[in-house]
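Read through the structure below, which is laid out as structure tokens, and then see the notes.
The letters A, B, C and D name the chains in turn, as written, and every chain counts its residues from 1.
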Amino acid sequence: MEDTQENMPQSSEVIAAGKVWHVLREKFGDAISELDENPFMPFFEVRQTERWREIALYMRDSASLRFNYMACLSGVDYPEEEMLGIVCNLESLGHHGHKIAVKVKCDRNGGTIPSVAKVWKTAEWHEREAFDMYGMIFSGHPDPRRILCPEDWEGYPLRKDYQVQETYHGIKVPN
Amino acid sequence: MNASLNTWSDALSELYLFGLPIGLVIIAAVPLVFIALYALTYGVYGERKISAFMQDRLGPMEVGKWGILQTLADILKLLQKEDIVNKSADKFLFVIGPGVLFVGSFLAFAVLPFGPAFIGADLNVGLFYAIGIVALEVVGILAAGWGSNNKWALYGAIRSVAQIVSYEIPAAIAILCGAMMAGTLSMQQFNLLQQGEYGFIHFFLFQNPIAWLPFIIYFIASLAETNRAPFDIPEAESELVAGYFTEYTGMKFAVIFLAEYGSMFMVSAIISIVFLGGWNSPLPNIGPLALNDWTTGPVWGAFWIVMKGFFFIFIQMWLRWTLPRLRVDQLMHLCWKVLTPFAFVAFVLIAVWEIYVK
Amino acid sequence: MGLLDANISKHNVLVTSVDNVLNWARLSSLWPMGFGLACCAIEMMATNASNYDLERFGIFPRSSPRQSDLMIVAGTVTMKMAERVVRLYEQMPEPRYVLSMGSCSNCGGPYWKHGYHVLKGVDRIIPVDVYVPGCPPRPESLIGGLLKIQELVRMEQIGISRAEALKKLQEKSIDPGQLIQDARQGVEAS
Amino acid sequence: MQELEKAEYSSVRVTPKGEDRVIIEKDLSSEEMILNMGPQHPSTHGVLRLECKTDGEVVIEAEPYLGYLHRCFEKHAEMVDYPGVVPFVDRMDYLASMNNDFAFCIAVEKLLDIEIPRRVEFIRVIVSELNRIASHLVAIGTYAIDLGAFTPFLFCFRDREHILNLLEWTSGARMLYNYILIGGVAYDLPQGFKKRTLEFVKYFRPKALELQKLLTENEIFVKRTKGIGMMPAEVAINYGWSGPMLRGSGVDWDLRKEDAYSIYPELDFKVCVPDGKSSDIGDSLSRHLVRAMEMEQSLDIVEQCLEMMPEEEGFDPKAAIPKRIRPKAGEVYGRAENPRGELGFYIQSDGKSTKPLRCKARSSCFVNLSAMKELSLGQLIPDLVAIIGSIDIVLGEVDR
């Protein structure tokens, strides 16, 4: 990662993300980490998970940021760190045009992440999907159910240590 | 004139074989048998072929020559299918529904004149009877939809009932306009009044400058009464799966299907009798070319009324495969706020014409 | 056909020709249930549409399972969907046929190994009469499969079971592998 | 914190608009009925299930249930190597496989940081635009069927078949192509492709007009769709809508312009946004119009590309494909304009293995469908069908 940054001049995308990060740093201080200035997807991490909703709301509403569009919210498993997390790709659509990614992490066993379903409505289903696949709990989610797998499915399929259940309602599951 | 026509049928009705009134049976049965045959094979087959040609396809091809036996195969297959009455259904209503529907639709054929001689019963209130008896279908539909204990079927039935009952009003007023022009309710009289050497000139549609209005109103209303597109909301496939016959299998389904095609022909026949001269030939006598005389007679009569019926059925199919479907409230809007007022206007105008101008 | 099934064990001439007519009716009007699951459903729609026009064979999709004779399982059956597929199958009136269209419903297809939520073959839940391979099968192969169903119907008789009819069909039908081998040998010889 | 809550809830709501909206009379005592629509229902476009709470014909609330076609795409992506993911990507949005492949390859190529030959870029754009037309044809056809017009559907499928023939000629498959590979395409365009494609373009233009006549100029069609399923632009963005859906709400947003990937910046095309003359901005009709306009736009793009494409003798489209696809450690979010909207792939690579550590597909239909619950409030059942149709979902992509 180091050498790519030296070789390449920083793209406009990364510069814009840097500006965004500065605004957020001023407002929230240490609640957010340093900006990872990689050329593909500049991101920062929310260190104080419980403040994520507040940060999200600020990002959406403050006049200089206006991240009104959440492109994607992906759940991620970090087995080595014993953590689960989400990665949000945000974009200011029609206002400033800048993009940034935010990472939020929580504990692997019963960890919670504040839900942003009311900030960006699109997050509602994305969070349900992340819960379905990884099992992190989104506190304050309006409809915390599984979305893709059946309600009575066992386990969280996308965790790295997932074991497929043998039968489901009497039907053999594995091949 | 009336008497001369009836001699033919009188002679037939007096035909007794082995003490059985065979002649009467023929008079009554020929139209019905024909209609059953028609509705069974050519209606369905025609619809499938016509829709196919409109859609750049071939339609049934492999069952018999050009798929001509397709409908026969369908019926034979439906006869063999398992007859399911679901456990939670109201068995009585479920079973009786298609029957009532079928009877309602086919009883009306009794008063339909298929020619100077072929008429089941020449009632003096024939038209009234036809309109009244067709309304019996509503009961059948409701019984079928409610008895199925299926929500989609219920929706279909309720929609259908609302639709048929509402559209009966503009339809009846439009027909009344025709009755006013004729001064009779007898179906056979309608035909006799529209007879003449100038062919189509004598038809009521061309006898009165306002007659086209009730004609169009009745045609639109008849589409709705027979649940054809763009008013096919009771069986709207994309919304209600299959409407009130969602739960029907095998022969019961075939009976419903049959009744539907039967009533399709029924309304087409009524419109052609009231406005387009029924079994009268539309061709005029032009000098030495006595086209009208040549094309008049018992068999020609049946030919003309069937042709006129087919023509309207063709238009119904054409509309069906071209237009999207209306919404429920738009349908009701059309009925109560457009067709009914215009039907009344037509009624008044025709009355004025008949009394003061003619 | 329940009553006749039990009583008639030897097939006389009369019954066979009645059989033929009834079978002809059934095979000429196979109404599939218009329900699609995944990619194959689009090919099924394409087969129904103008270019391939299944209606030529009298095949004409019905949206209600009650009025259909044939279930085309077009696409991946998932665990969540499995119970529904069984239910739809049970709602169809006898005699009914199942055509499994595409690799996914045949055996799980590309989702065989890691598809935790995919049913590995629809024959685990409902009996299948004809399998059509392909991912997705071309319309021609679907038509081929439907013709195979027609052949199966032709083999059926009052008094014999579906399994026996299938066996008869197998005896009658030619092994394509053998055909290919014969053709190859013919080429080599010449 | 109180303020926070307030601010959240002040986020916008859809207000149904339209003069002939049905009002439920409050005095009427009526019972609510739960109506289960799907997974097998003619108008749910696959295996979507809607649980509707209805009061007569009026849908009080419709809750979508997904997952009936959950084929574990993300699991497979983690289990197979990068080129092996492409066939699974194909099967996500099976109506627009080329566009899917394109989006996935863009994401991986971003991570790999490789140069793509110019001709390959042209080939990719041509095939994906052709596939876009095919996909919109299905969308428009099934929409017509939802509204009860059967014939346009068959016309659409008839014309789609020509595109499938072209693509089959190019790639060897009818629907799921596996044609666009990471770093290249599977084969060069066949000889005479240009001629036949231009023939198709010439054939298709009047057909598109005919389709317009059957649908957009049809009074009943307009009546059924105009003012139905209104979505204001702000709400649409908040819901994360994209593609024709967002443009239908009047937002001038097209990734082909915004992200300017591949050779799109060199091409001359305008973002299709309805002018609001024949439709209310944000209703189902607008979304339909955008799709209709985009078909013609895609034809223009194909023509331009065929004109500008460099001809090379003995061109090897696989030349730029790396021997071993093993991106360095990092994360990327790559996206492209799919016929249904923004299709994005979030890919995480650990730099060691040839398999992605995590691959999340941001599916456009999934996001677009999430507004269904709000769109369906207080609609009639026929309108509900019209709204689902206008969202143009492909369940393979919704459930992945």
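The working rule: a contact is a pair of C-beta atoms (placed from the backbone, for glycine too) under 8 Å apart; a residue touches a chain by one contact, two chains touch by 3 or more.
Given the structure is predicted, the values throughout are model-derived calculations rather than measurements.
Chemist: Which other chains touch subunit B while also touching subunit C?
Modeler: Joint contacts, listed by label: D.
Chemist: From the centre of subunit D, which other chain's Cα mean sits the farthest off?
Modeler: B
Chemist: With chain centres defined as C-alpha means, what is the inter-centre distance between subunit A and subunit B in Å?
Modeler: For subunit A versus subunit B, the centre distance works out to 64 Å.
Chemist: If you average the CA atoms of subunit B and of subunit D, how many Å lie between those two points?
Modeler: The separation of the two C-alpha centroids amounts to 45 Å.
Chemist: Would you mind pulling out the distance in Å between where the CA atoms of subunit C average out and where those of subunit D do?
Modeler: Here the centre of subunit D sits 33 Å away from the centre of subunit C.
Chemist: State, to the nearest whole Å, the distance from the C-alpha centre of subunit A to the C-alpha centre of subunit C.
Modeler: Taking the average C-alpha coordinate of subunit A and of subunit C, the gap between them is 46 Å.
Chemist: Name the residues of subunit B that each touch 2 or more other chains.
Modeler: If we look for residues of subunit B contacting two or more partner chains, we find 55-57, 237, 241.
Chemist: For subunit C, write out the residues touching at least two other chains, lowest number first.
Modeler: Touching at least two other chains: 50, 63, 80, 113, 116-117.
Chemist: Can you list the residues of subunit A that touch 2 or more other chains?
Modeler: 148-150, 157
Chemist: Can you give me every chain pair that touches, using the contact definition above?
Modeler: A-C, A-D, B-C, B-D, C-D
Chemist: Quick check on the complex: what are the subunit C residues that touch subunit B?
Modeler: So the residues of subunit C touching subunit B come out as 1, 21-22, 24-26, 28-29, 50, 53, 55-58, 60, 62-64, 66-67, 69, 93-95.
Chemist: Quick one: in the complex, what on subunit B touches subunit C?
Modeler: 48, 52, 55-63, 67, 69-70, 72-77, 79-84, 237, 241-242, 245-250, 253
Chemist: Would you tell me which residues of subunit D are touching subunit A in their complex?
Modeler: 4, 7-9, 11, 66-67, 70, 72, 74-75, 78, 110-111, 234-235, 237-240, 251-253, 258, 328-333, 335, 342, 344, 346, 348, 358, 360, 362, 366-367, 369-371, 374, 399-400
Chemist: Could you please specify the touching residues of subunit A with respect to subunit C in the complex?
Modeler: Against subunit C, subunit A makes touches at 148-150, 153, 157, 162, 164, 168-169, 171-175.
Chemist: Mind pulling up the subunit A residues that touch subunit D in the complex?
Modeler: Subunit A reaches subunit D through residues 1, 4, 38, 40-41, 43, 53-54, 57, 61, 68-72, 74-77, 87, 89, 93-94, 97, 101, 118-122, 124-126, 129, 133, 146-150, 157-158.
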